[in-house]
Every structure is written in C-alpha cells, then in structure tokens.
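Two complexes come next, and they have one chain in common, chain A, joined by chain B in the first and chain C in the second.
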Partner chain A sequence: MNMERNLHYVATKRRVREDKRFVTGQGKYVQDVNLPDTKHAAVLPSPYPRARILSIETAAAEALDGVQMVLTGAQLAEDCNPIRLGLKLPEINWYPLAVGMTCYVGEWVAIVVADNAYIAEDALDLIEVDYEPLQPIVDPEQAFDETELLVHPGHGSNVLYHGNFLWGDVDSDFAGADDNLSFRARWGRSSTVPIETFGALARWDEGTEILDIWASIQMPNFVELMASTLGYPLNCIRLHQDVDVGGSYGVKRGIKQSVLVGYLSRKLRVPVRFIEDRLANMAGSDAHGPDRIFDTEVAFNKDGVIKSIKIRALDDAGAYPGRAPFQLAKPISAIVGPYKINSVKYEAISVCTNKSGQVPVRGFGQAPTNYMIEMAVDNVARHLGLDRLEIRRRNLIQPDEFPYQIPPGSKYDSGNYPVVLQKGLDLAGYDELLARRDKARAEGRLAGIGIATVLEPGGGNNIFEYLMDPSAEITTFMEGCEVRVDAQGNITGIMGTTTSGQGHETMMATILGEELQIDPDEIRIVHSDSLNALPTRSPIASRMAIMLGSAAAGAAGKIKDRAMAIAAHNLDRPVAELEYSGGTISDRNDPGHKLTWAEVCFIAYRAYHKLPDGMEPGFQAQYVFQVPGGGQLPDENNRVQVYPCFSFQAHVPYVEIDPGTGRVSVLDYAIAHDCGTVINPDIVRGMVIGGLAHGIGAALYEKFAYDDEGQFLSATFADYLMPSVHEIPDVKDVEHCTPSPLTSHGQKGSGEGGYLGAPAAIASAVNDALHPLGLHISELPMRMHKIEALINDGNT
Partner chain B sequence: MKAAKFEYILAESIEQVVQVLDQGDGEAIVIAGGQTLMPMLSMRLARPETVIDINKIAELSGIEVTADEVIIKACTRQAEALASPEIQTRLPLLAKAISYVGHQQTRNRGTVGGSLSHADPASEIPLAALAMDAHVSLRSAAGARRVAMADYFLGPMMTARADNEVLLAVHFPLPQGDVRVGTAFHEVSERRGDFAVVAAAAHIQLDKDGICSNAALAIGGADSVPLRMTALEDRLRGDAITPERIQAVLADVANALTPGNDQHASAAYRRRVATVLAERALTEAAAEAQE
Partner chain C sequence: MSEAMRKIEISLTINGRTQTLAVEPRLSLSDMLRDELRLNGTHIGCEHGVCGACSILLDGVPIRSCLMLAVQADGHQITTVEGMCNEDQTPGILQEAFQDAHGMQCGYCTPGMLISAQALLTANNDPSLEEIKDAIGGNLCRCTGYTQIIESIQLAASRMREAG
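Let's turn to the complex of A and B:
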C-alpha cells in the first residue's frame, strides 16, 4: 500500500490553486465569453401545470425591433429529435420546448432571440399563447395508481419504472427474527441550487461546419446527447471545457438549453447565448432533485441485530424522466449502509407528475436512502429501548471484515467504522453533550443529539443502468488523463472535462507532482475541448480523485518509464540500475553518471539519434483508467459491483427546538470523515463542510413546493429557503484514513461530502429532541411550522 | 429578469419629485434604496413608466431629535438608523426591530422610508412604527399632510399615501414626563434576515409607581396589515404588569387576528405563534421597564 511511501505533496496542506482566480474575480464563466455579434435568448414559461397548446401567435413579437427570431416547440420538433437520456421510453418525447402540451408550470413554450436580453423579454410579452388548461397530476401516489389522468397519455401510465429486487432470503430472515417494525419516511423535493444558473453560448461555424459550444456543464454524454438530439455527427460539436462552472453537484445538465442555442445559432448564423435567469432556472430548468416516499420494514432481534430490510421507494420524477429513475438504482451500491444486514427486498418506482423534471443531485439518490436507513436504525433502537450508539456498534461492519460484500453484490473496499464513529464522538465531546442536552431538557427546552453513520460510494459505474434496463450493457466508466512534457521540460496535465469548483486542477497537479517528484505549483493543468479529449465520464459520482487521480498517476508513470528508457539508452545502464529523483536520472552505483530532466527532454524533442531504437520522438503519455471492480455484468441473482470505493462519515449534531415556534437551531456539529488518503486537506474539508451545509438545507429548509393544483410556489429565494451562514454552526471535523486498495494513493470519493449524512443526522437530532414528548417526524424538510404543529396541535 | 423600459429621473429636489409624481398619472414611482423595487422591476412585477431616484436629495436623509419627537427622513439608510446612538437610546424598539431587517448588506442600501412605503405586512419597521404611535409626513404638489400609523396601512403593500405623494419622513413621539419605558421585539422566521413569519413589538410605559400608563402591542405577519392589539392594551393599562396579568390578556391576541395560509405557515400556526411571541415581548418589555 502507498501509505508506507514517503509522500511529499499528497496529503499535505497546500494552497488550492483555483482559489486565486476565484477569489480575485478572474474566473471565466460562460457569461464571460464574448464573441462578436452575439444574440441573446429568453424563454416563455407556461403558467399552467398541464394544458393543451391550441395556438401560439408570434407575429407581434417577431415584429419588434431587435428581435431575430421566435421559436416554438412545434417548429423545433420538425428539425430535431426528442432528448433521449436514461430509460428507453419511446412514447415520452422530451423536447427543449413544449410541443402541443405543457406538462408543468414554468415549462418553456417558446424562445426569443434578440439583440439583447431586455428586448428578448419585451418580445416575450408580445407572444400570445392560447391554452386549454387540463387537470394536472400532482400527487405521486395518485400518479402511480392513475389509469385515466396521464402526464404522457401515449405512454399508457404515469409509471416510468417499477422494479423488484430481492437479494437473499428476506422471507425467512423476517420469519426468523424476533421482531420487526415498519415506517414511512419522506424526502422533500430539494436540489442543488448553484449560484450560477445554467448558461450556454453556441456558435455555428459554416466554414469548418463545427458547432462550438461553451456551456456551464457537468455531465457525461453531453456532446453525444446534443449530437443525437440535433441529428449531427458526434465530431461536429466542440464543447469548450475551459469555462468555469459556478457550482453544480449534479444539476448542470443543461442539455435542452444547449440544444436550443446550438439550433438557433446554426439557424441564424450568429452566436446565441442563453443564461437562465433565476425564475427560468427554478421553475423551468428541470433541475429539481429526488422527491421520495420510503415505506420500509425492518426485521431484527431483541439484541438489536438487524437481519433484513424491505424497502419500497416511490420517487416523483416530475414531467420528463431524464436521469431520475436511475437515482433509485445507484443507492443499490450501499443499500444496507455500513451495516451487516443479511438480506434486502427493494421495490423501486419512478412516476411522472406535472412538475419540473429531476436531475442528478449530489449522491445520485444516496442522500435520501441514507436518511431512510439511519431512520430505520434509530427506530429499531427506540423500539427496543437501546442506545442509538449501541445499536450501531452491534450492526456496523467490523474492520477485519473488509472487503465486505453486501447482499446486492458490491464489495466495500475498506473501512474502520467503529473507530471513525468513536472519533466523531470524541470530537463532539459526547459525554458533555449528553449533559448539555439533559440540562437543557431540565430547563424546559427541547434538545437533541443526532447520530448518523453513513457511506459515500465513490467512483461511479453505469452498471446500475443495466439493473433497470438490460439493454444498457455499459461496463466501463473510465477517465482519461494526458500528460505532456514540452521541450523545455515543463509539464502540462490535460483533463478532458469541465470542473465546477471541486479543485480538480489542484488534485491532478498534486498527484502528477507526487509521481514525478516535481513541485505541483510548477505543473500546468488545462482542460481540452471535447474534440481533443480522452474518454471521460465527467466529474460526477465522487469519482475524480479516484478516477482522474489514478489516471494521472498512470500517465505520470508512463512519463517516468519513458524518461528512464531514454536515460538507460544514453547512460548505457539497465533501468534497474538507475534511480529517478526529481526528474534527474542517475546510476545508483555512480550518482555522478546521470541525465538531467532538461537533457531527457532535449533528447526526446531534438536528438532523435539519442533515442532508443523504435521510440517515437516527443514526450507525452496518455492513460485511461477503468473503474475498479467494473467490467462485469450482474450475475443471475442481479448481484454486481456497482461503485468501487466507500467513504464513511459519522455525524454528531446538537440541536435545540423552540417549542413555541417550532424553530430548530443547529448549535453544534461534529463530523468524523474517512475518505482514505486525502490528496488536499483544504479541498476535502471544504467538501465536507459545504456538503454538510447543503444537507442542513435539505433537512430543515429547502423545498420546491407545488400546491394541490400544480402551481409552483418556490420560484425565488424568498420561497426556496437555502441556509445562510447564520443557520450553519461552526463545524468541528476530523479525518481518519483507511486507504482504499483500489486507487493510486488510497484515495476515495469526498465530493458528496457531508450532504450524504447531514439530513439523516439532523433528523436524528430533531427526533431525539421530540422524543420526551413522544413525538416523531419523518418528513423533510422539517420546517418549523410542521414541528410546531406536531408539538402544539398534534399533527403536521 | 430584465426590467421593462422606463424613464429614469435622478431628482435634485423634493419639488421636482412631487412635480414628476403629479404628472405621472400613477405611473411614476420613487426609488430609494431599491432593495424591494429593483427585484420587482427585474421580474416585471412593477412596470412604472417613470422611476424617480431620490438618493441625491440631501434634505431627505438624516435623523433629527426635538424635545418631543425623533424624525427620520425617508432616505435614511436602515444601517445608519441602527447605528445611531440617538435611535438606540431614544427609540430602542426601532433599533431592536431594524436588527431583524435583512442583513448588513441590504441595510446599507435599504431605507427607513422605503420599508414604510412598501408596507409588507410582515416587515419590521412598519410594525415598530405602529407600536410607537409614529406618523409619516407626506408631500404632494398640492401640499403636505401627516398620517398616523394607525391610519396608514390599508392592506398588503397598500398605504394611505397617494400615487402623487412622496414620503418625507417618519416622526416618532418621545415619551413625556416621569415614566419608565420597556420595549421588546420578537419575531420568528425560518432563517435570520427573512421577512417575519410572525413578529411582535411591545412598548410598555410604567409610571413612577410601576403602574402601566401606556401599553402598545403590535403583531405583524399575521394579518393583511400590522395590527395593534388595542383590546389587550386597554386591559393592561392602569395596573402593574405581572405574569398573571399578561396571561389573562393573551387570549385577545388570537381573537384579533385573521392570518393567511401559505407554504411557510398555516393560519393556525400564525395565530398560535402570535400569542407566543406576544407573551414573550410583553414579558420582556415589562421586565425592562421595571429594571
């Protein structure tokens, strides 16, 4: 294992290289890319959740001075294909603009291109749409049962996916267990809501016949989807990946926005930019997150040992499927959490309703699942009168049991869950925290401590798609890295994808520097455009440290091998007798007999006569890293390794609730975190704490709300409540390192960070606070008016 | 979110403002700090033909103290009012209320007069002004007039100010004679800095014997306008304020309110929590007066 290695840069506190450009305002976003003669687009939202579009009158808008074009869905559908991503649902046609029917409030019905954004919005006022409003489908459980009222009548039902999985002998485990309980838990419709909305700029170049696009994107298959939707060859589209993306964590999937500007740019022969405003983003961007009802049954023995679990998850995907159903499949990676649960029944249902669509959100369905699992464990503890720590200690996988295979087939790579939990408790000062809680209770306040012990699967792997759709035989989830050494000896690392604030450039430079023994600050990192890129699956799935990091190590190894071969040839010594140190290669037995890095580079670029026979001139290397444990299809029992690496977190928050108002204050928060080898401590800490704030938002505040008639209630930040610095306590955090055996330096994923555990932990704390009143809440967000009603009115 | 076209006038005098308003036929609007109006313009919820900027008019900014009142000019920033020692010592209830208004960054721009003109039923400055028996001075081309807070709020974002009037200042009366004053401002919002879901402002005056000579309790966020709890106030006057007295009058709060339902709180929540906050505000104000 690498841990015995003497590390110079990895795991060392070093400045994050991206900070400088962001802090000094030098970031370059889509809005900052200026092309001559660029036109601006604005979209017209539907006011109805479900309505037939009888006619759209655009003449007055088109006549407005400065308007270039008004495009409707019907016109667009003549020239482009529906967006197909995810499950094969041929009767559900998702276009960038509504065609014939609007399916949710805020859905884009038409788009205007004008000389500036003000004129574009003036023109929106002049478009007249004749709608025939229809009864909407809002409630997901009703949508599931409904046979008449259908979001997409051609599809025949509102069910996008309904699957049953059985891993192990659930019936006999339930029959043999001492006891069981059931509960319902509901995860609210929240999301990642980045400071930068989605933006895209496209320019069709008639000379080269290439569509150039700059987009605020974080998504695998983006160019493929654009090409298939527009009906272009794949290599006709060039995505410029050197724009900064102003936040994402899954949601920057602006395929419809990009198709629109691409189409309009080619049509109008001018660059077209569309930057969503906040209203278009919140209501119409199809960027909402999971909205999920869990009905769970747990079987357990009197000693608290959990034997089996039955989970029914009903998820509200909104109007168009997108990637939503798969957010029910990824959590199969860690469906039993960090616990030794012998068997699992999992019923996964995705339904459509008349709401904005769903995108991947940080953890791809894992945060809701972790919330449900932790509630199951807490509920069993409460049922048995057991301490919540004790029940975890009895069920956690033990350090000597790794790699540990869970019933659905994934093997957890490594971990030391009891030790990390203990670190979290020590950091929280658990005994004093108990005393503080009990003192607060004695003084008549409602106080509670939360406990959550959760996993973060990292690395990605599309094989979960196959579990839902056996035609999706996708068994690789690779990431490529190229390293170039120029004739002066400077090193440039090239990544083939965008980055949205995760610090990938620092991560990659650190690993290249470590492997090549060169100060990472001297290594340049750039983003290739998509036509130049090696295979990539983009920065999703907590995977870049694992995948790009390992690919960078692999490419650096090839560079080193090449340098060694050049040196062996010129020093006339076998490679085994040479030593590489900071770029200089010398004879172990005669250190004065050496070749410097500059000499190696000169030979590679200029002195062909000094190269080993058959070696190509130049100095570069490519490495494409396949996801560890990938490459397999599921066995006959649907068992397969999904994600490769499993990070672990123990959360211990302390909350108090004002019984008169129901307001929850998070007063303290301790988290112990194990993502294997930390490549850059500040980046990981930022992920942990930022994710935790995101999770507190999902737990207490954030909800994209619709009323019973399908009207959208959360179009601005006055109604979609994100926590501010005032709502997030000073977080105490500690790292533990259980290296992964599967990656270059033992690293695991950390990008989903505290988000995967904070909602569970805050729910645990709130329920601990409510426990003395005999009350319990199992719905997120736990808004103060719901808690107050529970306390003072006996219902929510 | 780009504003519709409007004419922008950077006014140099109050005279100019009232003339523009007078000719505006209801389509002209005054902008001060812009903390509410700018988003409304951007979302095209407000589509005035003319926007008159009063930020450069010196006589519309500042705080004056006389023997019997404190005058805050309309364009005075909330941050300036909050930081003013005169406000902190003479109008403690207003200082307490402003500390709940938005955040430092919004208070640097937002004005006292803007908040009173916008008249959101859940905003803090109108609530405090109502509890303190303030009045506003208004001016139109036809002349000036004063309107008491009790007559000023007509509905959500609706006031007695006519379209052709500009708000010049708000006048807060100072307590007279040998009295002890206690104040308290309590509000609940999901996050710090939000509009209140419910808020309560209490202003209690005790005579030298500790008898309540004047009591004001105003509730915001729980009706279409901020409301004084006049029946409760009448019952508190003329007696010492004890926890028992407060308990005895609290039922009046829920009876006086007709709250609305929305995604952030039910009517029942607002009614119950108004009572809770009223109790806390009265208790704290009474304790402060008794100190």
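Let's turn to the complex of A and C:
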C-alpha cells in the first residue's frame, strides 16, 4: 500500500452510480421481477405464542377458484430437512412452517399459492386450524431458570448457549483496584426494519434441473442453507444477485421464505413468488434484533483509570435461534471498546422464549455492547465525580500505542481516538453547548449532553463462531472480485453478491478506476449469479470496502501485470523499464515507444502470436482477498483476532426532556468519524448519519413489544415507532482519516455507521439531563412514558 | 363470478397518458400501478399508510396509493416517479439533485420522497427547512437519516429558482 500516492478518484466527491436508476423508478427489486405464469403465496400466522396444532383443515381453501395449493408444516417436513442453525442444537428442528407446535405469535402455520395475492389471502380465511393453547415462556430470565416450561422440550432447557470467557487476571485486578461498581443495562428488542419487506421468487427448471431464485437478501450462507434444507446439491441453486435490496442492515436473511417458494415451484412446476406483507414481516419474518440484559461490574482507581470489567450478557433469541447466539460472540472483537482495560470476564448466555426469532442486525451485537461499555464509563465518572470527557481521556488508547492488542486477542489496527474526540467536541461547540445546557437548567428545563466514544469493527471473520463451538474451524472470510477486459478494451468488474444501499458498485468502480487510471464512469459493474460467482461472504460486517475493495485492487493489479507483460514482450523491454499510464504502456526512456490499451487488448484477444510464451489468450483476472488477521484459531486462552479493522466515532448529542410528558427531543448532534480512507464521501456520510438516526430510533422509540402472555404488540408501523424527519436533528459531521495498514487504500468499515454509538450517546445525554434530579435510566428504548414515570414516580 | 370479482371499467390519466382499464373493485391503486401497468417505480412498504413509499400525485396532491382503490382514481390525473422524468426520459431537476446530493441509499423510499418533494417545490420553490421537513414528514427512510434528502431538496429548489 502506498498512502502517499496521488489519488484521482478515491476520496473524491463523485456521483453514486446506483442513484440514477433509483430516482427514475428503474431500480430492480425482487417485486419488480416478472416471470410468465407466476403464482403468488400468502402465509397463515399463528395467533398463539405457544400452542399444539391439533389439526389443519385446508379443503375449503383448496377448493377456492384460483388456488393452486395449500401447504402445511407437516407436509413440508416430510420432504425437507430442518434449517441448519448456527449452533449445533440437534433437538431444535426449525422448519419454514410450524410442525405440530407453534412457538410464537405470527409463526407461519400454512402457505397458500394462488393465481394472485388477493386470492391467496382470501384462501387463508378458509383454513381452519384447531389449536390447543399452552402457557408460553416470555421472560428471558425466567426462561434461563426454567426446568419445566420449555420452548423446545427435546432440547432439555431453554438455554441455547452459556459460555464463560476470562482474559487476564480479573480477580487480582478487582482486588487491586481502588473501587468498583455494578449496574444493569437493558437493550430492548428492536431492529433495522427496512421499508422493503422480504420477498422471494423461485422458478424450478426441469430441463436444466436448476432452481432459479431472486430474493431480497443479504446473507453469507444463503445458498448453502437453501440447498441443505431442500436436500439439493449446492450447484442446483442459482441465486440471482442483480436484484436491488430495499434496505437490510443485516436482517434480510429470508431462508424460510426462499425454501418455501423453491419447494412450491418445484412441486407446482410454475414460478412462485412470496412478497411478505408488513404484518407477516413484523411478527413472523426476519425482523427482531438482540434483546439483551447486561449485568456489569467495573473495577477502577480513584483517578478514573478502569482496570477490569466483568460482563454477564443474557440475550433473548426468541423461538428459533438461527445465528442469533453469535451476536453475543462477535463483540468480543472490541469488548473493551476504545479503552485500555487490562482484563475481562465475559459470561454470555443465549436463551429461547416464545417470541419471533432473532436475526443479525447492523453491528451483529456491537451496538448493545457499546451501549453497555459507555454506560460503564459514564457510571464510573459519575461515581468519582469526574468529568465524562476526562475519564475518557485517561482511558482511551493513545495514537502511539497501535497496533493495540486487547485482552481477548484482537489487535486494533490504527486510530487516533483523542484527536477524533476533540474534533467532535469542536464541531459540537462544546463550551457553548455546556452553557446552553446550564442556561436551560437554570430556566427549569431538563437538558443534557451525551458523550460516546465507540468502535466499529469491520471486515468480518467467522472465528467468533469457533469461540462458541470449537467444531467450527472456519478461518477465512474471503471476498472475490473478477475483472474482465473485452476485445474493445472496455472494463467490467464483477462482484459475487447483492447490494442493499451501500453503493458497492460505485465503491468497486472507484477502486478499479483508481488502480487502472481510467475514469470509473467508464467501468461497468455487474453482479454475477451465485453459480458464476467467486467466493463471497456477502455485504455484512462493515466489510465491503475492506474486502471487496481490496479484492478489486488485487484484480486490477493482475490486469495491469498482464498488460505490462504483453507490452514488455512486444516492446522488447523489461517490465522495470516500462511505465503504465491510463492504459498506455511506454518505455520510460523513450515515451514514443509504446503500446496503447487498444493494442494490448487486440493482442490479448486476437494476436496469439504476439503473446508472451505460455500466456493464456483473453484478458481477465480474478482475485480472492483473505480477511487480514484471519487464518488463525484461538490460542489456549481463547485469544484470537476477530475482526481486522477498527473504525472510531465520537458522538456529542444535546437533548432536552419535557418533564411533564417525559418526551426527549434531540436538538443537536455532532459526530466525528474515522473509518480510514473514505472511498466515496457521500456514501460514507450517508451511512454514518443514517446509522445515527437508526440509533436514535433504538434509543428512544423502537420496540418489538410483547405482553406478559406472549401476545405481540408491534405488528404495524403505527406501533413499532420509527423516527421520521421530525425526530432527527440537524446532524453536524466531520471525518478524520487514520488509514488502516491492512487494506488496499487504508479504508476501514463504515456501513454500521452511527448506529454503533448513537444509542449510547443518547442514553448518556438523557442521563445527563436526569442527573440533577438524582435519576438514572438504563433501559432502551427510553420511551416517553418510561421517562415520565421515572420523573414523576421515581420508577420505570 | 362473485360481485367482488366483477371488473369495473375506469379511465384515468397516468403520467400524461389517458388509459382505460377494467379492474376488480378491491384492487388497490398501488397494485394497479405495479401489477397492471408495470409502473414499478411506486413501491409498497407497509400497506397501512404510514411509510409513504407508495406516494403518488393525484391531481397534483401527494397521496398514498396503498390506501386508495383503483376504482376511486377513475377520472383523475396521476403522476408516478416515472412521470417525473423529462420528455426524453432523462431525470428532471429534482431527480438530478437527489443524485448530486446522494439523497438515498437503497432507493426504496426514494420515489415516495421525490413525489412529496415535487409537490412541495411545485407550490414553493424557496421552502424553509421546516417546510421541507413538513413535506417529507410522512415519508420514512431507514437508510439516510434524512440529512442528504433535505440537502437534495434544497439543491433542487435553488436550481429551480435559478432556472426561473
């Protein structure tokens, strides 16, 4: 990597190429894919959180004109395998439809296929299910202790995972510290909730014996899971990845939906499409995120230096765990945040309850963990009467300490945390903000400033799975890029995965253009289908700039090498004496002695006699980038590099609270952000601010609520509250660049954006506002009725 | 055929073109636009009138096409995002501004945002920040946090003022 070189396209404001199709209504989402003779599916949800299915009467529905088929779980289970779970839990059989028993409100009990979606929904009303309701398990702490009332009786308990990790000498650090404190923090059941629901379309082709699928997905193991569930070979499924995904931020998994349409298409020999309606999506799809109780103890000295931390995290995974338990393990990559904490004890527990299953959400467990870490730091500051900035300055890792290895083994690649924090404070106008807060308080209002300094691990890696399950020896998390140059010299970059708003096409074109010195607007970018794709792990884990970006740079390098070899052969000069400039290759000492890009391409495709001996004809390159720091198993103390790159953010919001209603208004917000080299400034800024808005939602409004009987209360957008433009303040943002030494251009991850810090920052601000009343809230979302009750009754 | 399924003939003007269709009385306007006319730019997000992704202009006023039946649109003028393009199908001023200020990410809420912003700017090409917020207050976006959407609308407004 050469950080000093002059960049032409990277880090320059340029249009995002995806935007044109979106503003003209030409985006191609799964709902826009039209195949002849397509039939439409609708699902029947369970009204009970836990019930035995005694019988399902489908005859009346099947008799309805236009209905092709009604499928129940019992029929489906005869022909397919349970969906493979992340952890090996052989007694938990997860099928796309309930089999014999429903485990949460909204679980799909049957699916109808009809000529159109209206008829399919009519038919749902004609299905009669005889349920025997049973007592549900709703509270996660009760679920943990429970021995009789089990979500999955065959499993023997409600505990999906219970692990203890110890990194460093926690006992002696606690014994040696001046003081310690403990607290409980509760992260509410919220999620990303894209505006597009999940959709899938499948077409079984008997002639080729290939199942084509178009789906609104963002998921690394999608095709593998479909194949294993349907019992097909992997190469029997062709996922079309050139569909635009209408938002995902982690949740668009869609495995059960896709298995259903795939199964039905083969059964009926017609294309089958299932587009979730919002009710099906909120209650029974891939919607819910982490729901976590932290019990934390911190040991620290009187000067505010934090020595050690003990964390117990109990997470409610809902009825079917999928990859949910791993959201407890990924945060191990940054379990001490940006702070020099000497030792860590971490107890991680995942339980199941009779709720909709938890799916991966933006940050994969990092946002709740950051919320807890920042609360720990704030609580220590308050306990010592120390300023919240001062305690951070005393504990932050310093710029000369990188790469910095934390107790669980990850090395943070680079950073300058004190400078970025200062940039955030300067941007916020911190002194004036303090004066504004104090003036508001003097006028009898509740006002507070939030501080959060948090990390965004980026790049992915699956090694956290091994920490939970040592049979999962997965030490790569690669991403491939292919570059093809055609006989005319046009360049096409090929990615092997979908995109869901992160602008991957722009990012990839920018890097290819930078490396090949060609205007990125002249480079075409396409998404291959899964049968044509190089290895990919999909756009999760804030990884595409790091991984696909570095793979693109690698592939471009191979293209350049090939062009240089062809030129060296034809110009009769050694490569070292040649210079590459915008595709033309010339003799450094005799610039007129050159080969143009068109000539190179002609030789590659047409003039085999002019190719160097042994070179294959044609002009293409593939590069598969291995995740930096991957390839290692944990040592005997469970120490390992989890993610490779660590971005940093400093958040400074200002809030006021109406003491009568408890309503929190976020009036100002400053964020300083360092993700290394920014490839496209507009894209990064959008994800930072968008993530931040999403974090404000998680902090103040959003909740998938259940009552004590397990009934679901948040099935619509009128109940699950998401911030509109009126709830989001005017955000001030500033970038800082500490390049990563591990990537092609110094870039780090930014897709998880402000979401990893905003909930912590808003909580910090609300607690600052409540502090003069001697009150504190440590539960999200901080909805107005909670705060009102706290202010007026002293309880939540 | 039941009464509910009997098709009713309607005539309406969509993006400047008058069309006559026979539709079931229960067909929603959004489904008619998408499934009968293949105007796929109109997106469906919630089907209960909260998210605003399905917004279109009905006689110049932004409405939620998921909350209206196709038959209710009989005799009316409709503009969808496709109709916001210039006659040669190139993007209009507002659509260009959304690209220049990157007022979107996944693009799913974008057509509805554009419709709401177009209605605002047609009436007022010098809107205040609060007027912009009020105009798009009924359109949810999960990607952007709205900042770049507001900036896109402000950019379009300034270009419209320059163009007179």
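The definition used in the following text is that the second predicted complex is superposed on the first by the 794 of 796 C-alpha atoms of A that agree within 3 Å, B and C clash if a C-alpha of one lies under 4 Å from a C-alpha of the other, contacts with A are read in each partner's own complex, and residues count from 1 in each chain.
Basically, a contact is a pair of C-beta atoms (placed from the backbone, for glycine too) under 8 Å apart; a residue touches a chain by one contact, two chains touch by 3 or more.
All figures in this text were calculated on a predicted structure; none of them were measured in a lab.
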Contacts of A:667 with chain B and chain C, given as first, second, both or neither: neither
Contacts of A:686 with chain B and chain C, given as first, second, both or neither: second
Superposition-derived comparison: chain B or chain C, residues of chain A touched: C
Which superposed partner A:792 touches (first chain B, second chain C, both, neither): first
Partner chain(s) touched by A:427 [first = chain B, second = chain C, both, neither]: neither
Partner chain(s) touched by A:21 [first = chain B, second = chain C, both, neither]: second
Partner chain(s) touched by A:694 [first = chain B, second = chain C, both, neither]: second
Partner chain(s) touched by A:277 [first = chain B, second = chain C, both, neither]: both
Chain B versus chain C as contact partner of A:118, first or second or both or neither: both
Partner chain(s) touched by A:726 [first = chain B, second = chain C, both, neither]: both
Shared contact residues on chain A - chain B and chain C: 118, 277-278, 716, 718, 724, 726
Chain A-touching residues of chain C, taken from the complex the two chains share: 24, 26-27, 34-35, 38-48, 50-51, 53, 80-82, 85, 89, 91, 95-96, 98-102, 104-111, 114, 129, 133, 136-150
Contact set on chain B toward chain A in their complex: 1-5, 39, 43-44, 103, 188, 190-195, 197, 262-266, 268-269, 272-273, 276-277, 280
Touching residues on chain A, where the partner in the complex is chain B: 42, 117-118, 120-122, 125, 277-279, 658, 660-663, 700-701, 703, 705, 707, 713-714, 716, 718-719, 721, 723-724, 726-727, 783-785, 788-789, 792-793
Residue numbers on chain A that touch chain C, as the complex places them: 15-16, 18-27, 29, 31-32, 34, 116, 118, 192-197, 244-249, 277-278, 500-503, 682-683, 685-687, 689-694, 716-718, 722, 724-726, 728, 730-731, 754
